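Each structure below is given as structure tokens.
Each of the next two complexes has chain A plus one more chain, namely chain B in the first and chain C in the second.
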Partner chain A sequence: MYKLILKLAWKNSFLRRSRTLLVIIMIAVSMSMMLAIEGIYDGMVENMVDKNKRSDSGDISIFAKEYRINKDLAYMIKNADEIKAQIENMQGAQAVVLRVKAEGLLSTARKSSFASVVGIDLQAEERFGKFSEFLKEGSIDLQKQGAIVGIELAKTLKVGVGSKVVFSTQDIRGEINSIALYVRAIVQTTNISLDNSAIFIDINQLHKFLGTDSKNAMQIAIRGEDKELYGKLKIAFANLDVKSFLELQPMIKQMQDLMIIFNSVTFLIVMGVVFIGIFGVMYVSILDRVREFGIMISVGMHYKYIRLQIFLESIVIGVLGYLSGAVLGAVLLTYLEHYGIDLSAFSDALATWGYEAVIYATIKVSYFTTTLGAIMAASIFSVIIPLRKIKKLNPIEVIKAEK
Partner chain B sequence: MIKLQNVNKYFFKGEPREVHALRDINLSIEAGEFTLFGGSSGCGKTTLLNIIGALDSCDSGKIYLQDKEIGSLDEESRTTLRLNELGFVFQAYNLIPVLNVEENIGFVMRLRGFSDKEIKQRVLEVATLLEIDNKLKSLPNALSGGQQQRVAVARAVAAKPKIILADEPTANLDSNNSKILMNMMRELNEKEGVSILFASHDELIMESVRRIVTLNDGAIVDDNEM
Partner chain C sequence: MFKLAFKNILFYKGRSIATAVLTFVSTMLFILYISLQDGSHNSMLENSLKIYTGAIEIYRKDYRDIGGNEYLIQDVKAITDKLEKIDAIEEYSPRYETYGLLSNKEYSAASMVAGIEPNKEKLLSSLESALIEGSFLDEGSANCIYIGAELLKKLKLGIGDEVAFIGSASDGSFAADMFKVCGVFKTGSFEFDSSTSFVARSYFDELMNAKNRASYITLKLKNIEDADKVNEQIISMLDDENLESLTWKTLMKSMVEIMEIDAVFGYISLSLFMVVIFFVIMIYGFVNVSSRIKEFGVLRCIGLSKRNIFLLLFYEIALLSIFATLLATPIAAYICYYYNINPIVIDGIADMYKDYGIVSDEIPFDYNLFTIGWNVGVIYLLNFLSILYPYMYINSFRPIEATRHV
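Right after this comes the complex of A and B.
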């Protein structure tokens, strides 16, 4: 019985081959475009999140209680090196770095700008966030008063690799001190604040310059996505300010929410198109076959089996459209994941928002599973109205009409 | 087998254009009958056939099939009754276009849950009897009108219903095909013992049947055994 219904559904799905193929192509193209847009949107945000984590806050950051309110050298984490060692032994912690920061003035012979000097351990930063991948120009080297400058800050000061700059700030004793630095590299982290104002130097040199204890630090940044790690750190270091990535970057959270809205709107529009496409084909197809259904009912086929047949016809179209769309979408996403989409023409505008000029897509299984569910739902809902016509069908009327 | 008691049927009841389609019909049909409901166009023969076939309901009176009253059944039960007890042959063949001859003949059997083996065996048997066994894999649109009507008869008879109702089965056929079809239906009636009721004004059918019930303006005016 069900074999017969399946056969009827399959054959009727292709009764008007060109019409069915047109809908399948429509579903496939709109779905693949939607998948590509979803991938690009998510890729933009994930890229931003990834670079921010790698260049700055990690998944979790720890500060001294007052530091984030008053960025004063007095608010350093005491014995940060011991805490770092302790965290490294905790389950879920993948990499830990210490950073020392100070705000001041960065000058050339002709220009000066506000800057934030960040003392880093290059080897640790490489393990933590592959710091060398941010390199735009020069070579990653902090030896002999070497410095690495954020790309926007370099543009502001009009400095390049080999330029000499002077950084001035107040040291731990309250004295205004200056240090001459040589620009060895320019980096682009796509972290707006770092690109606009950061100058990276060796952490030990910065300690020496500021007169701070080399055991202390302003920030302990931790990589590790274990959800329990945050809770454990909160308990273990209750006297410190333990913050998760999203607590530190509320704007990125907003950006993520915005992308979810963009994706949802795109999803709804595409599913609306799919619904209308399947509805159109099924409605016409059912109206074309009213007499056939009338005959089936008159020879003893129950309405529930006709309903099942129509649902299956609709699902066949939906599934074929989905499979074609999934293949096309996967190809498109794979291309965009590897080669990205080059928006260099808008690079300045994108940089303002912390995006790179080349945006790479992300591929998630959920894109495909959610779309499958939505297409199934659209297939089922699209035949409800045509089915009501069949339910009201009086076989006598059909038989009379044919005479 | 079939008994109608004071059956009345109206169309557009209560409206100015009301039609009294069947008037106080009292009729008994026994198993194995080969009967024609005749009369001029609009006399009510098709309406009578539809009511016996549980395709339509009456406004008053009782209809018994195998001593079971069927007039008051709901739509679902009437569909089940049609499936299990009755076979239909329509004027316009009404085959399912996407199914081949074999699948069309076995359609009702599939609905009734016969096994693949039973269906295959019975389809071949009926198709051989109706001389369409060489067309089993053809689609309906590849057949002539006469062949299509034979497939329709085969579909009606394959599941071994107790009664076959045929409404103007020869209306779309030429005289030669009509003769062939009637001979086959008579053979089916005699070999399979199935009751066949026709609604028609075709003289060929009148010559073939064993009983003619004549209607006029919705009432039975004559009932002759041949």
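Right after this comes the complex of A and C.
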């Protein structure tokens, strides 16, 4: 019996071929567009999160209690090297780096700009966030007063690889001190604050320049996605300021939230309209066949079988639309994941605002599963009203009625 | 044909209601989405222009690309004498900008220190209205410094405190002086407030040896829409290939470009809704038409041409579209107008997006009748396109065949 109903449902789904095809195309086109848009927007935010973590805050960062309010040399983490070693031995910690930072004036013979000097250990940074991948020009080398400059800062000062720059700031004793540096590389981290103002030099050289103790640091950044690690660090270093990535980057947290809201609203609107589309076709398709259903009931077919047949018809259309949309969407997403959207014509503007010139999509299984759920729901709910009409039918009257 | 179309609309209520509702929703969505997008972009630009950037700025060539004292404007007066003759210019002022270190006993910070003409700046920028403490500069302010709130915080200074300045003068010599904090400003632009300070030119020129020299001359126009036209006039009047006159569109190129990109993404998102709605309207039209094949067959048999049938469908969709847009457009336009005057306020958004140059928590809508007009035009076009396939479908039947269609 069920086999027969399934066969009937399949055949009836294609009774009006053009109509069914239109609904399938509608689902496929809207679904694939929606998946591509979701993928691109998620890709943009994920890329930003990844680059920010790798270039700066990691998954967790630790500062001295007052440092984030008063970015002053007085507020350094004491014995940071020992703390680093301690964290490295903790479960879940994948990489740990120490950083020293100071704000000051970076000058060339012609131009000056405010800048933040960041003292780093290149090898540790490579393990931490593959620092060399940020390279745009030159070679990653901090030997002999070498410096690496953020791409926007380099543009502001009009410096290139080989240029000489002078960084001036107040040292630990309050004296204005200057250091001559040679630009060895230009990097683009897509972290706006670093690209706009950072100049990276060797951490030991910076300690020497600022007159600070080489055991101390401003920031301990930690990579490690273990959710328990944050809690453990909070307890272990209660006298320090332990912050998670999203606590340090509320803007990115808000961007993620906005993206979820935007994607959810888009999803609801699109699925709502898809529901109206399926409903329209199923409604007319069922009303066209009222006489047929009347005959079926008259010859003894139970209402539940008719209901099942109609549900199956709707699901067949929904599934075919979904499959076409999933294939089209997967093709689009795969293309966008590999080749992205090339906005090189606007690369300068994008770099200024912390975006890369090519925006790549991300692919998540949840895109497909949630859409499947929504299309199935839309297919099932779209036949509820027509089914109520069928249920109220008087078979004799329906058969007698003129077509 | 028009009468028949009207009767059909009333007869096929389901299709008519669905089409009208979808057209109404898409019109509202389109107008409000574009209005919000344009409004927030315009607001960002206006805020940035209001703070400090001029509608037009005149530079010596290569100052912006290479920089340095040799690319300063050397004879400001010769240029300003010419600018006086251009009626469209409301105000102009030469600015001298330099970077230096500001220090007190304990703290120091890099700052862009600009020499300005305080009385003219009152008209040119929002520096005076950004005052939050102390007083704005005047021509006799001597060594008073007008400092950004975030920079003041960094240096832990207060009104009346002294701060040392170290920099280099316009002739390359060492320049140092003690300034007295007289006023504090907060424009809302985090970068600007944390890195900029001002001194009256009458005093600063002496210190920097910058009399009759300037980094650039900034201009305010009577009507900013005339920027391109006035700029051409300035270029021809200056007639000096060592000078360049640039409008805000070039000066704020990165902001303009990022807004273009944002608009493109906005249109892509919007097109998704439009495509789905277009399909549904087309499906409803198709379903309606396919249940009326017999009727169209009869109409053709009694002498109606294909053109008449097209006209019939055209009138039907046109009437439904007119009804829906007449209802949606005034409502959407009123919402745009209301939120243009009373912008949506999201507390904390400016602080959150300070790195992106957002300076206000207010998000205004744009109220532009031309934009609303073309938005409605697009909806009409989509609705008219939606009848093409149903029309082709009807025409695939021969009249006699259509009359027998079941």
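Here are some notes:
Everything that follows uses one rule, which is that the second predicted complex is superposed on the first by the 392 of 403 C-alpha atoms of A that agree within 3 Å, B and C clash if a C-alpha of one lies under 4 Å from a C-alpha of the other, contacts with A are read in each partner's own complex, and residues count from 1 in each chain.
Rule of thumb we're sticking to: contacts are C-beta pairs under 8 Å (C-beta built on N, C-alpha and C of every residue); 3 or more make two chains touch, one makes a residue touch a chain.
Computed from a prediction, not measured in an experiment: that's the story for all the values here.
By the touch criterion defined above, A:Ser30 lies against chain C but remains apart from chain B after alignment on the C-alpha atoms of chain A.
When the two complexes are overlaid on their common chain A, residue A:Asp348 makes contact with chain C while staying clear of chain B.
Residue by residue along chain A, chain B and chain C are tallied for touches, and C comes out ahead.
Applying the stated contact rule after C-alpha superposition, one finds that A:Leu4 touches chain B and leaves chain C untouched. Contacts of A:Gln170 after superposition: chain C is touched, whereas chain B is not reached. Of the two partner chains, chain B is the only one that A:Met301 touches; chain C does not reach it. By the touch criterion defined above, A:Arg291 lies against chain B but remains apart from chain C after alignment on the C-alpha atoms of chain A.
In the overlay built on the shared chain, the residue A:Gly162 is in contact with neither chain B nor chain C.
Chain A uses residues 403 to touch chain B in one structure and chain C in the other. The touching residues of chain A, when paired with chain B in their complex, are 1, 3-4, 7-8, 11-12, 15, 291-292, 295-303, 305, 395-396, 399, 402-403.
Chain contact summary for the complex, chain C toward chain A: residues 14, 18, 22, 65-69, 98-101, 103, 105-112, 154, 166-167, 195, 253-258, 260-261, 268-269, 271-273, 275-277, 279-280, 282-284, 286-287, 290-291, 352-353, 355-356, 389, 393, 406. Within the complex formed with chain C, the chain A residues making contact are 16, 18-19, 22-23, 25-26, 29-30, 33-34, 37, 71-72, 103-107, 109-115, 158, 168-170, 174, 176, 192-193, 250-251, 254, 262, 266, 269-270, 273-274, 276-277, 280-281, 283-284, 288, 343, 346, 348-350, 352-354, 403. Here chain B touches chain A in the complex through residues 50, 55-56, 76, 79-80, 82-84, 86-88, 90-92, 94, 96-99, 103, 107-108, 110-113, 155-156, 167-168, going by the rule given at the top.
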